[in-house]
Amino acid sequence: MSPIRLLYGIATTCLVLYAVPATTFAQSAYPNKPIRLIVPYNPGGSSDLTARFIAEMAKDILGQPVVVENKPGAGGTIGIGSVSTSAPDGYTLVQITASPIVVRPHVANTAYDPLKDLTYLGRYMVTNAPFAVKANSQFKTIQDVLVFAKTNPGKLRWAVGAPQGGPHLATEAMFRAREAKTTLIPVNGGGEALLALMGGSLEAVVVDDYARPLKDGEIRLLAESGPVKVVGQPSVPTYKELGYPISPTIFYGIVGPAKLPPEVIKAWENVLKKIVESDKFKEMAQRINATPYLANSADFTLQVRGDYTAMGKVLADLGMAKK
Amino acid sequence: MESMQGILIGLSSAASPTNLLFCFIGVALGTAVGVLPGLGPTATISLLLPITFKMEPATAVIMLAGIYYGAMYGGSITSILIRVPGEAASVITCIDGYEMARQGRAGKALGISAFASFIAGIISVFGMALVGPLLASASYHFGPVEISALVVLGLIMVVMISSQSSLRALAMVALGLLLSTVGQDFVTGGERFTFGIDTLIDGLGVAVLAIGLFGISEILVLAAERKEQRTIIASPTNMRELLPDRNDWRAATGPILRGSILGFFLGLLPGAGALVASFASYVLEKKVAIDPSRFGKGAIEGVAGPEAANNAAAQSAFIPLLSLGIPPNAVMGVVLGALMIQGVAPGPKLVTDRPDIFWGVIASMLFGNLILIILNVPLVRVFVSLLRMPTSLLAPIILLFCTIGAYSANNSMVDVAIAMGCGVIGYGLRRNGFDPVPLLIAFVLGGILEKTVRQALLIGYGSPSIYLNRPIALGLLLAAGAMLCFPLVRKAINRRLSISP
Amino acid sequence: MAEQVSGRAHQVTSLILCVIGFAGALASWRMGLWNSGSPDAGLLPFVASLLLTGLAGSAIFLSPPETVSVDFNAWRRLTGYAVAMLLFCIGPLLVGCLTGFAAALFIAMSVSENLSLRTALLWSMCMSVGSVLIFRLLLGVPLPDPFIDRLLGL
């Protein structure tokens, strides 16, 4: 065969293959092919780790591999944005946490509307982000901190592990409610915040990787920014208990584009229920200091809507909402 | 002594068959990953994460560590042979390493790079064993204030070396500083120079920038200038020219030792890392060299020093991770995650609670480096012969790898476009006498500088007097000032000497 | 002729850098330089832009650097590469990586590198298929390609 003929042959074959639609295969129960689970953050963080853990366990329950793909950027919004515009067939899903859903859309333009463009399949855990000080600090309760901050404007230096996140804004709201002026030091992650705290550059931090320093007696927890108490620390009050306006949940869940078929929703509710109730998951959650906290699709959607509206109000009050 | 006991525990742990096997797998994978431009250890480590769930924690970290410092060995291979940095940290090796390859000394460059990495690795292990745990708590005292002072010192050194070259090099420093500001502002959250492009919110990636400015621009330079040159690298005429000779070793010993120590200490600092270590070594070597004009034209010191530094730093980065639980960079963050999921919480108690993990990882680096040098030396011959391909075939293929490399940084085609753009810009700059090296160094340092200075000022309640209150920072700033004044003082003294009878 | 071209080219480059510096200075001025006792977002870009403008501006008046004079065939080679680079960027998005890479490589090899059409075709297809296989299937880098997605049933 002459090279030209060969080339034509290859070209025609390619064109034909492109043209044949993928859905000529018989429709079978969901899932009948691998599922892509996007993690909108860099590998190694709690989002990534738990997503991979769930993907491994889901594989056995669903009978199809769940492939994790990292799509980091812009605080999680890039990954979520890419899924919100994908086909609602249940084969492209994204793991979410609170900030890009209930906070970011209020302060910046995101590619998606959390109330309209996403289907909330289920929530699997929540984490804590307590307000912590050094173990030998002069502050014994959160009231000490607030009094100090009010009487010494600008002298309280603190940092958050996740800037612009729920715990950050809740703490700002608390300071504002008590007319305290503080100095927020921007840092890259909880690790850096803790390092600065131990090194004496900060008085307080609000981070979610508090567990190991707490266990080693390096820090003391004064309050918890979310509605769920810190595991094993019943004496630590939540912002809500203290009467401060907002305590957002730091939730972790699985989400897909809008209008997912009911069988997909049911399948994932089942998967997450089985996983979250398993001993293996509970053990893993304990190790990374998270609390398993299952919610089905309806409850999760309700919780997200509630948090979204509440955060919108707080941000407007703080003057941080976008115009 | 506790350390001695620990080291023995570590050695026995690291020498177990399983750990040796996974050490080998790790370093082999790391080298492969390092060779491929753009594909970094982070991607590989996260791909292997689920497998580590089922391993013993010590084995998991030994393998992941192997991938990380193995990548430093592999990254220099493409830097030397095709001027495309396999790892962002290897970009400095592109400068003199590639020139050496063009002069037919590719084998020597590869050989010295491997041996420098090996010696640095061993020195780093001893450093970690002897002073590691002590230094870990010293990291507490090296906060944003001190780091900003250190970066100021670094920038002053870069400026001084650039100014020796020309006004144009200084302009490149300024451009690098400007480019480092692209992205979301760390403090205020406002977007700077992003032009509405989502991927730019996190700034320009150094890997993408390096691939474009160094690799792709080189393809264009070759396309424009090549007349009769058939191969990118000249082939050595006989076997002896393939490996470093006695002169090379004599020249390289100083840089290797200095680079190892410099890299070891810089790796301990959160935020510094292998890339900064290799920059620092290059700048240092150029400063202490008898004839600095050889740099950029194939000076072996320009390969030996930075290669030693980046390997030493890659290993010592495990000290803050294991002793403090603070990952100094993104790759360590993934390793931290892998450990956490295993129920091991790195921190000050790890040395006493789990000496098998702490000392086991450190001891495994001895074996890892040994495996790497045995793997890499024969590879020199293989790689040099691979690249005997004619340039006309090789250059487009290199462009392909640059594309894939730029894409795999963030799985985004926008990065490919940025790399291509930087390639064109790099070509334009190089043809008109502007050197992209100070640009890249200033780009990396600028990012760290701005972040830490603003943090420092906030920590100091808005007053620069914080620098006076922190002895380490003050010392570094005084050193920077001395560096600035030194040439002026010397000139004044010379004038005095020449005037007086 | 070649020397004159290169002489002006280096001045044009310095001018472009100068203009970039100027634009940067303006933009960063608007971002604000100082904010309640500490540097604001615009400070570093402003300082860097000013330095760039000044240094690049002075560089316009420097003597031309040593450069190899441009061979006029170089324009054809460079244009070929420019097209190939463009294809590398847009190709994968339009027709998928396999075709996009192959097309880009083909252009680079035939136009710029003067390889025979047959050699160029062969090598471009081989390298394209080989690299996509290794990176996409073996190493898991998600290179966009509707063809492969269909093959894998994604």
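Labels for the chains are A, B and C, by order of writing; each one numbers its residues from 1.
Definition applied: a contact is a pair of C-beta atoms (placed from the backbone, for glycine too) under 8 Å apart; a residue touches a chain by one contact, two chains touch by 3 or more.
For clarity, every value in this text was computed on a predicted model and none was experimentally measured.
The chain pair sharing the most C-beta contacts is B-C.
Of all chains shown, B has the CA centroid lying nearest to the centroid of every protein CA atom. Our note on geometry: chain B versus chain C, Cα centroid distance of 23 Å, whole angstroms.
Averaging C-alpha coordinates per chain places the centre of chain A 32 Å away from that of chain B. With centres set at the average Cα position, the gap from chain A to chain C is 36 Å.
Looking at chain B, one finds that residues 43, 187, 411, 454, 458, 462 touch two or more other chains. Residue positions of chain A with contacts to 2 or more other chains are 69. In chain C, the residues that touch at least two other chains are 142.
Contact residues of chain B toward chain A in the complex are 42-43, 45-46, 49-50, 53, 139-145, 184, 186-187, 189, 198-199, 201-202, 270, 324-327, 330, 333-338, 340-343, 345-349, 410-411, 451, 454-455, 458-459, 461-462.
Across the complex, chain B meets chain C through its residues 36, 39, 43, 47, 166-168, 170-171, 173-175, 177-178, 180-181, 185, 187-188, 190, 192-193, 216, 219-220, 223-225, 227, 391-393, 395-397, 399-401, 403-404, 407-408, 411, 413, 416-417, 420, 423-424, 428-429, 431-434, 446, 449-450, 453-454, 457-458, 462-463.
Residues of chain C touching chain B in their complex: 6, 9-10, 13-14, 17, 20-21, 24, 27-28, 31, 35-42, 44-45, 47-49, 51-52, 55-56, 58-59, 62, 64-68, 70-71, 74, 77-78, 80-82, 84-86, 88-89, 92-93, 101, 104-105, 108-109, 112-115, 123-124, 127-128, 131, 135, 139-144. Residues 42-46, 48-49, 52-53, 55-56, 69-74, 77-78, 81, 154-155, 157, 163-164, 183-189, 191-192, 194-196, 198-202, 211-213, 215-216, 284, 287-288 of chain A touch chain B in their complex.
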